[in-house]
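After this come two complexes, each holding chain A, first together with chain B and then together with chain C.
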Partner chain A sequence: MKDKTSNLIRNLINSSNSIVAVLIAFLIGGFMVLLVGESPINAYSAILKGAFGSPTAIRNTVRFAIQVMLMAYSFSVCNRCGYFNISQEAQLYTSALAMVFVSFWTEGLPGPLRLVLMILAAAAAGALTCLIPAVAKFKLGVNEVVVGVMLNYLTKFICQHLIAFSPIAAKRTSSIVSIEIPEHIPVPVITVGAVLIVIAYAFILRSTIPGHRLTVTGKNKQFAQASGIDATKVLLMAAVTGGVLSALCCMGEILGYFHMIYNEFAAGMGTDGMTAAFIGNNTPIGMMFGSLLLGALKSGSVLLSVLTEVPTELIDCVQGLIMFFATIKFFNAAQIDLKRRRVVE
Partner chain B sequence: MEPIVQLKEIVKKFPGVLANDHVSLDLYPGECHALVGENGAGKSTLMKILYGAYTADGGQILIDGKVHSYNVQGARDLGIGMVYQNFMQVPELSILENVILGDPPKKGIAIDYKQAKEKVSVLLRRFGLKADPDQPLKYLSVGERQKVEIIKVLFFGARILILDEPTAVLTPQESEELFRIIDDLKADGDAIVFISHKLREVVRVGDRITVMRNGRVVQEGWMRGDANETDIARAMIGKRDVDLIQNENRGTDVEPILEVRNLWYFDELGIAKLKDLSLKVNKGEILGVGGVEGNGQTELINTLIGLLKQSHGEIIIDGEDVSRASVSKRRAAGIGFISEDRMTVGLVLNGTIEDNVISGNEYNKAFSNGVVLNKDSISAYCEDLIDRYSIFGMTKGKEVGQLSGGNMQKIVLAREIERGPKVLIAAQPTRGLDIGATNFVREKLLEEKEKGTAVILVSADLEELMSLSDRMVIFYEGQIQGEVTDIAHTTEEEIGLLMGGAGSER
Partner chain C sequence: MMDWISLLELGVRHAAPILLIAMGCLLAQKVSIFNLALEGFTLFSCFFAVVGAFVFKNVWMGVLCGVLAGVLTAVIYSVFILQLQVNPVICALSINTLVTGLTRYLLKPIFNTSGRFVMPSELALPTIHIGFLDSIPVVSVLNNKSVLVYLSLLLPFILYYVLFHTEFGLNMRITGLNEEAALAAGVNTKKVKYTALLLNGALCGLAGAELALSVYMFNVGMTNGRGFTALAAVTLAGAHPLVALGTCMLFGVSESLSIQLSTSGYSAYLLGAIPYAMALTAALLPRIIRLVSNNMKKKSAERQAIELHSN
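Moving on to the complex of A and B:
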């Protein structure tokens, strides 16, 4: 019983870290609003209103929250086993391209079949893209951050090129976009799908063999290997899962909202996911809250520029500050445990 | 004569625990004061206070009769030096550089290598080390490296030396040499605190012996000859039975369960760590593997369990060739493994007991249906293990890293033994454990022997090997230097010779 409480305390300590980080970020953000000569209260209430003030506002918030959450899960599942999934934007670009190309090439096939093929292609593209830095890291010892960041640039420019000069480039338009795809997924389906993904993610992580192996390998690779768990396989599986989750996010965006590829549509989405994962401390529920917060900031930013003179860059600043402070452990549960352990020794 | 160090009524509290409860200890020049006690008795805390790493919550430290309060730097200035069990050394640097590291003698703003080299050369000669001061440290043996560690402490002028379990890594011969060095230092008027678990050494080297238990001094300053090993052991653990469990039923049938044939292993630098090694372990036999650490024991263990791939050779378990099998296949074939490093390889410290017990065994029908874990059945299983292996302090949801070393090891044992292994590889299974936990481990190993498991016991503790093994092999530079079948009629000295690469089979 006593340890149940201490477990609870540990969770509270961990979540209070994020809460403090968010509060500090908003506080500093408030000072910045003062500097442009506006009232922080007005600014924040405008954001609040923009995020939750009307049915449309709430729909937008949910949309962005789902987008951020899938990216957060994608980041987190890799992060759990020590793989820093920073090539998320690359995964978004490749899975978007996969979908549009499949749609383009399968013209004439029945609609549902096309949709299934597009989804499979997107998942495969996301997974493969996520595997590139992972294989480089686990098989060759290359730093995944360098490879990942380069991959982001590479795919961004490839995507840019293809939607400008290729069969999937939109004709007779002045902006760089791809052709429009006929396939749609209704927004309510995406919302329900996202909820199912959350439940499945939490269940797989906590109650299944792959989830257990991922957790154990992430905590202690040497132990896992000596126990007969093929750590490299587990780590590569995590990378595949991360890539598929990114692809799912991309499907929601392309099939649910855009129906085409905009130039640099993925910009900043990886960072959003990473921030939410930090806020949520990699727990499925925590990341939901983190995503909701970032989703609300995103959808609230519209009204901020309408109602006040505050530039919408405030949102980016606050988000950056949250990211910065969320990586700081104000209260470190592990250290508190360690202190206790030393005492026992 | 005035004591050089007086610790008076030292109190050190950690939240919830009184680590030092009004502990007093004094130390005279030219004396070796042995400090003994089980793990958690408070010896290390007391020594860290003396060395300035901890600040006491109460009491006084008198050095040369004056009250002092200081940090580690202050302790060095006062002439207090500590030789840690795990050397604080940089193997790539030379002996000289290691010795002057942290506090080099200066000439202006430059390091005065010339003066340092002269001083270090004198010290090296004094300790009978023929090595050149410019030689990289990594080419020295463990015993020699420890001498360098002592030289380092003397170099900055220490006259109070704290030796924390200095013989843990040494052969009997090297230990004997260390004791001669201690005598030599005493003759110079240096004062030494000697911490050890090995009671025989304590009796040999201690001019006075102080025993701690539960943060208190339970026996103050026995003079040399006042107490024998049994007296000390009794004081250390209180009323409990002090005898360590022995193997009473030596000898086995000849029915090999594990066979290793012509095993070679070359490390990444191309150095042969195992050289054409062959051995057999019979059903119901404990094969003791002795030798100074680093002579191929770790490589043997890792090639057996599959963490390393042998360069050449075969490994056969109960007739099944597993030479090229993965770790999990080998475990399925019947290998159980108690790692020497329970903090990293043996356990996942920030996991629960459930995480630790089921890892690698998740497909067991009691734990899952092949995909989904059966949490109720896993918890019930763990409850049962906690009960049967007397794992104290383990409650639901608690991370195993919060347990004491003995209870951690019990989880390792429970996990590995309950799988019913045919071959159990136990590496340093009692290292760092107190007597109670040590006996528990020994009992379990002997139970396994009785059940017919082939046990390989790799240990640096000669007493343990000689008490438990049915047969022993001594490793030297990746080969079996000698086999000991008649353990009862073999002395530690004879085995020590084998460990050093000399001697012949018995």
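Moving on to the complex of A and C:
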């Protein structure tokens, strides 16, 4: 019982870190609004209205929140075992390409079969892309960040090439996009699916053997190895899970909203997920709040430029500031724990 | 047929900012800091180089402001990662996000425009004409460049000397190789790391000034991945300054080639991917070869043991 309360306190301390970070970011953002000669209250109420003011606004907020949340979970599951999943954008590009190519090649097959094939191809592509830096790190000893960053740019250029000069290119003069795919998934299905994924993720992490192995390996690799867990296998499985989660995010975007590949559609999505993961301190519920915050900022930014003179880029600045401060430990849970123990003694 | 002299000339011009950033990146790499914030450093310097030049009506004040902006971001970055022990990758990514947003945002209150700001053309970085270079066939592509381009071409040699022939360079290399040993040998490793990062910021500042003031304008996102290209160049060169000069030149020429190709309707995207593909290969291939050769050695040792037994 005592252990549970101290756990609760630790969680509270950790989340207060994120809250302070978010507050500081909004405070600095407010000063930036003053710089343009507008009132910060007007600007923030415009964002709030844009995010929750109408059914359409709420729908947009939910859409962005789901997108950010899946990316956050993808980042966090890898981060738990010390693998920095920075190649998320590459995973999005490859799984999008896999979907469009499968849809292009399987013309004539019945619709549901095509959809299943596309989903499988996307998941496989995402997982494989996520595995490249992971294998480089755990088998070859190369820094995964180097490999991940290079992979992001490489796939971005390859994707641009393919949607401009290949059978899947839509020959339009105005912009480079891929051909439109006929398969759709209705938006409510995506929403429900995302919620189910979140519940499953939290359940697996908390109360199943693979989740326990992941936690143990993440905390101490040597200890895990000594207690009979094949650490490398667990780490690679985490990378596969991360890749599949990114691919799921991509499926939601392409099958639910875009129905084609836009040029650089994944730009910045990896950073969004990372920010949400840091706001939420890698806990399932915390990340949900983090992605809701970022989703609201994204959908609220639309009204910001309509109702006020403030440039929409305020959102980018606030997000950067949140990320900046979310990594600082204002209150260190371990230290406070130690102090409490000393007082008790 | 493509005019390869003009290709080379454009290549030198494109290589200069990449080279300046790469030299900064190399210094950070030498003290084993993998700096992903190069893009942010450079973009911030681009913006403030334009601000400085426009406010003071003097291009050299612009260069100074650019360098100061680069150093400022470097100070923030280094305090966060060295003093507050924040994860360097996350800190770098947040600097990049923040700078991208901030430079877009500040265009409104400072210049009252959005997207881009073009200055009068007399605020461009002046070019230097060296008479005798015209008479030499290929070297003439180096003529009529700004002073920062010449500096960028000299810098690898200066860095080579500093790194391998001075005590400061030795301190830097030992800090990167083994921090405990450096500490034991009486090197103030924190000071060395700060110096390397601040120099990195200053060099990114010069790169930003060259990038923005050579075309006397600021464009949102005008660094356009150059920070990461420089990172790829340094990775490919194994953090050796003279090899990095070669790789940066290669990437500069490939950039100008991709511009020429895209104007004539070919796909330039695959050319853009070359730096990253090469850097990826350079990072992975040696390790793969070592792994395979180790496995083979192990097998041959086993075979020897078997042969020994059967005899």
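To be clear about the criterion, the second predicted complex is superposed on the first by the 332 of 345 C-alpha atoms of A that agree within 3 Å, B and C clash if a C-alpha of one lies under 4 Å from a C-alpha of the other, contacts with A are read in each partner's own complex, and residues count from 1 in each chain.
The rule is simple: contacts are C-beta pairs under 8 Å (C-beta built on N, C-alpha and C of every residue); 3 or more make two chains touch, one makes a residue touch a chain.
What you are looking at is a predicted structure, and each value in this text was computed from that prediction instead of being measured.
Asks: Applying the touch criterion given at the start, work out whether A:Phe157 contacts chain B, chain C, both or neither, answering first, second, both or neither.
Replies: Touch status of A:Phe157: second partner only.
Asks: Tell me which partner A:Ile209 touches in the superposition: chain B (first), chain C (second), both or neither.
Replies: In the superposition, A:Ile209 touches chain B alone.
Asks: Please work out whether A:Gln225 is in contact with chain B alone, chain C alone, both, or neither, and reply first, second, both or neither.
Replies: first
Asks: One more residue to check, A:Phe331. First (chain B), second (chain C), both or neither?
Replies: Neither partner.
Asks: Could you let me know whether more residues of chain A are touched by chain B or by chain C?
Replies: Between chain B and chain C, the winner on chain A residue contacts is C.
Asks: So, A:Asn143: does it touch chain B (first), chain C (second), both, or neither?
Replies: second
Asks: What does chain A use to touch chain B in their complex?
Replies: 1-4, 6-7, 207-209, 212-213, 215-216, 219-220, 222-230, 334, 337, 339-345
Asks: Mind pulling up the chain B residues that touch chain A in the complex?
Replies: 14-17, 19, 39-40, 44, 305, 307, 326-328, 330-332, 337, 339, 344-351, 355, 358-363, 368, 370-373, 375, 395-399, 401-402, 404
Asks: Given the complex with chain C, which residues does chain A contribute to the contact?
Replies: 32, 35-37, 84, 86, 136, 139-143, 145-147, 149-151, 153-154, 157-158, 160-161, 164-165, 268, 271, 274-275, 278, 309, 311, 313-321, 323-324, 327-328
Asks: Under the stated contact criterion, what part of chain C meets chain A in this complex?
Replies: The touching residues are 34, 36, 80, 84, 86-87, 89-91, 93-102, 104-109, 114, 225, 228, 231-232, 235, 267, 269-270, 272-273, 275-277, 279-280, 283-284, 287-288, 291.
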